[in-house]
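Consider the two complexes below, in which chain A is the common component and chain B and chain C are the respective partners.
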Partner chain A sequence: MIILATGLTDGMLIFLVASGLTLVLGVMRVVNFSHGGFFMIGAYLAYELLRGHAQPIWVFVLLVIVASAATAVVGLVSERVLFRRLYKLPEVTSLLGTYALLLILEGGAQLIWGQNPVTQAEPSSLVHAFTVAGAQVPRYDILIVAAGVLTAAGLQVLIKRTEFGRQLTAVAEDRFMAGLLGVNVNRVFAATFALGIFLAGLGGALAGPTLSMVPDIAVTFILQAFAVVIIGGFGSIGGSLIAALALGLLNSFLASDAPSLADFSLYILMAAVLIVRPQGLLGSRQLVGEDL
Partner chain B sequence: MSDDLEVRDLHAFYGTAHVLFGVDLTVPAGTTTALLGRNGAGKTTLLRSIANAEVKTSGSVRYGPTDLRALAPHRVARAGVQLVPEDRRIFTRLTVRENLRLATKAATPDRPALSVDRIVDLFPLLGDLIGRAGYALSGGEQQLLAIARAMVGNPSLLLLDEPSEGLAPRIVEQVGEVIRRLQSEFTLTVVLAEQNSHFAVGLADAVCVIDDGRVVFDGSAEAFAAQDAVRERYLQV
Partner chain C sequence: MTRRGVAGLVALVVLAVVWPQIIGSGQLFFWDTAVIAVLFATSVNLLFGSAGIPSFGQAAFYGVGAYAVAKVAGHAWPVPAALVLAVVVGGVVAFATSLLTWRTAGLAFAMLTLAIAQALYTLVEKVNWLGGYNGLPGITAPSLWGINFFNQANLWYLDVVWVALGLLAFWRIRRSPFGHTLNAIRQDPRRAAFLGVNVRAYRAVAFTLAGCGAGLAGGLFAYTNQIVSPASLYWTESATPIIMLLLGGISYFWGPAVGAILLSALLNYLDQVTTSYLFYIGILLLVVLLLLPQGILSVPATLQRLLHRNRDGPLGPRRRGLADAVGGLGPEPPGDLATPLVPEPTDSASTS
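Take a look at the complex of A and B:
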């Protein structure tokens, strides 16, 4: 039971990070190495707002959302200054550009918050564990799982049911045609980027209480998030969700039953899926074949 | 309220490849010009250059008072210009209705979007397909949807790139009827690029033939009919 809970919680955090990554990749075709940097910024901003203390849950939730929104604003600025110039450049250049931004974000965090770890307390009503089927499950895990479920459902509605979602889908498939039909492609890019970075910030802000915060957490989930994007299929939110949960659970089972293999769970899952479906779980072959 | 299209000394480039060489073309408001030329003559490039899309140009492209070369793609659309590309480019992951609704962004307050009902009235075939995904359409259905989608924004200048290409004769006829109906119900200025000169000339007031990126004939449809030499030299008849 505890294995299940830990796996789900980890999986949801990975999903939050991966969903923003896959959105930006699917719509703009930019592999954003700096995504983890925004995860870290989200964690630190939430820490600043919450002052590290345990807060009532509604204060916690509200400030986590404010921190994520503030992270998205930083993201928007970097979209204007950096990413907008990358869309037209060759992949190698854009990889280097986003990597450079990651280093800048990490360096900035070191200047502001230093190298010493800081910790964020959980919300006051969620500090204790509760008992399910004889196992102790941290209550805070429930908040993370709920946030993940809400995010997945919200993204689903946004993409399938709204005008913005229609534009996002169209731009992802064929930005040239979307532009010819009157869609302001740059605006869709900026909004998608802001959304993706909001999700990175949310992941960081929620992960805060489970981590000892140092600027290096920028790379904590990012490798797994990239793996999840590949396993789930580029640009597929649903695929990311399934892959993230599978990875979280596999991590957690291996950690308890086969610790020597735990470090390899990422590669095991990736190899298993990609051998059967090179385009990822829910990815379309077409997208992979294109100029990614 | 409708405007002439005036192309002057237009050069077009893909990277370092120089493709159009000083093209001049005038399409008076409300008329249709057939743009003919064999494979690789530069028809697609000319239409793209007019819409300022995916090609570098020099020279001038004016639509009424508007300099189209200065506008971003979505602004070209909002200036009332719609390009229906030769590969149709239907959004495969959107339904027919979603493809149509996306295009309302091209409308403006003085050129209000056509409703989905109005579009279905003009393209009855699409009525039965309205919930179908783009990837599940046949070539002919895609072509009709591509033209319908361009009409949603209520354009005044329609650039059609080989709408008959790859379609069965019966479908080509349907597409022709649709174009004729649009010409009669809307004040449309049309440039119709085609290799199928018979199809295009039947819908056009004027004909422009290009070859190797240069205009080699420009005149009325009647004058073109009398020009056997042009037809034999520059078109596959």
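Take a look at the complex of A and C:
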């Protein structure tokens, strides 16, 4: 039971980060290395707002959302200043551009917050664990799982049921045609990017209490999100949800039953999926470059 | 080779010979690592500059080369045998990687190489036989023909000679029919395939050769640094040679070398004055990507072109930027992403 709960929580956290990554990849065709940087910015901003103390839950939730929104604003600025210029360049050049942004964000965090780890307390009412079926589950896990479920449902509604979602789908499918049909491609890009970075910031802000914050989390945490995007299929949000949960659960199972394999869960899962389905669980073949 | 080329080469050889006397043994370690970086970056440029293969996992092959030398140094293997082993191990691991990524190209390939390299990093970090997290310390190059490599100057000559051999190999590869075919594949993989080139096989061979070069560089690093740790396989290490070759100039043979020396010197300097060199390296990379996509070596040609703009006649060889180098590489999505789809992403271009 505890394995299940831990796995689910881990998976949801990874999903929050990976969903933003895959959204930006699917719509804008940019592999955004700097996503991990925004994850870290979200974690630090939430820490700054909460001052590391335990707060009542509603204050915590409110300030986490404020921190995520602030991260999205930073993202929006970088979209204006940097990504605008990258769209015109080939994919691999833009990949390096986002890597440069990752270096700048991580270096900037080192300059502002230093290298010493800081920690953020959980909200005061969620500090303790509760007992389910004889297992101790941290209460804070509920908040993370709830955020993950809300995000998944929210993205689903946004993409399938709203005007913006239809525009987003159109731009992802064929941005040139969408532009001809009167969709403001630039605005869709900016909004998509802001949304993706909001999710990165949310993931960071929520992950804050579960890890010790150093600027380095920008490069470590992103790897799992990358793997989830590969496993789930490039640009597929549903795929990344499945992949993230599978990864979280596998992590958790291996950590308790086969600790020596635990760090490899990512690669085991990835190898298994790629051998059977090179385009990922729910991915399209086009983005894999199958024909040359 | 032109006379200027010969003169330059002679100057380089003389410089390499007298270098230990010029700068003294205190700084020699830094220069050892810089020339090793020259070889590493040049090997990576076979992928980015020649073949147009965007690999983000080259640190893995560098790392396994370093570990190969570290393992056999304990058994007192002679230096040439150990370094040849590093070349072979780097090449074999790279070949295996190219088989795993056989069906992918472009962005997917970049992410997969990153993931595979990271898997190797995790593996190396876990295996006790390779020293685990702490790595393997106490690597020394055994004396060869009476030459003792505890001497800093001798170690420098060892590094320089092997780096020169590596560069010579990549020079020959670049000039060979094989190298020209790689150019053709980079410029248009589909057309190359129509001409009967087995694109995937060529890419696999290029990837293997680059892995050999990275393995040699890693092996030299093991002797120089005297300790290898999993950190040399970490994914951010794969980005360093890419930054170097962009900085120097992707379309020049000597571009990665110049970039490697410049970036090494810059890192060495920044390390002394700031705790956060990443910030400045990031800004540098952005400036190069956006303002100087053809690297530092393109500056003279650009200036010349500006000066002679009004004259008739050839403007000299047109140099490629990263844009041409890796354009047309990735998959062809509906509507051809290689060219800008939104004619010009300015606010006035589209209205809603």
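A few points about this structure:
Just so it is clear, the second predicted complex is superposed on the first by the 285 of 292 C-alpha atoms of A that agree within 3 Å, B and C clash if a C-alpha of one lies under 4 Å from a C-alpha of the other, contacts with A are read in each partner's own complex, and residues count from 1 in each chain.
The working rule: contacts are C-beta pairs under 8 Å (C-beta built on N, C-alpha and C of every residue); 3 or more make two chains touch, one makes a residue touch a chain.
For clarity, every value in this text was computed on a predicted model and none was experimentally measured.
In the superposition on chain A, contact of A:170 is made with chain B only, not with chain C. Applying the stated contact rule after C-alpha superposition, one finds that A:184 touches each of chain B and chain C.
Contacts of A:258 after superposition: neither chain B nor chain C is touched. Of the two partner chains, neither chain B nor chain C is touched by A:272. Using the contact criterion defined above for the overlaid structures, shared-chain residue A:73 touches neither chain B nor chain C, since it reaches no partner. In the superposed model, A:146 makes contact with neither chain B nor chain C.
The partner of chain A that touches more of its residues, comparing chain B with chain C, is C. Chain A uses residues 173-174, 176-177, 179, 182-186, 286 to touch chain B in one structure and chain C in the other. Taken together, the chain B residues at the contact with chain A in this complex read 51, 53-54, 72-74, 76-78, 82-83, 85, 89, 91-94, 98, 101-107, 149-150, 153. Contact residues on chain A toward chain B in their complex (touch as defined above): 163, 166-167, 169-170, 173-174, 176-186, 286.
Touching chain C in their complex are the following residues of chain A: 29, 31, 82, 84-85, 87-93, 95-97, 99-108, 110-111, 114-115, 173-177, 179, 182-187, 189, 219, 223, 226-227, 229-230, 234, 260, 263-264, 266-267, 270, 274, 278, 286-292. Of all the residues in chain C, the ones that touch chain A in their complex are 54, 103-112, 114-115, 118-119, 122-123, 125-126, 189-190, 193, 199-200, 235-236, 239, 242, 246, 275-283, 285-286, 289-290, 293, 322-323, 326-335, 337-338, 340-342, 345-347, 349-352.
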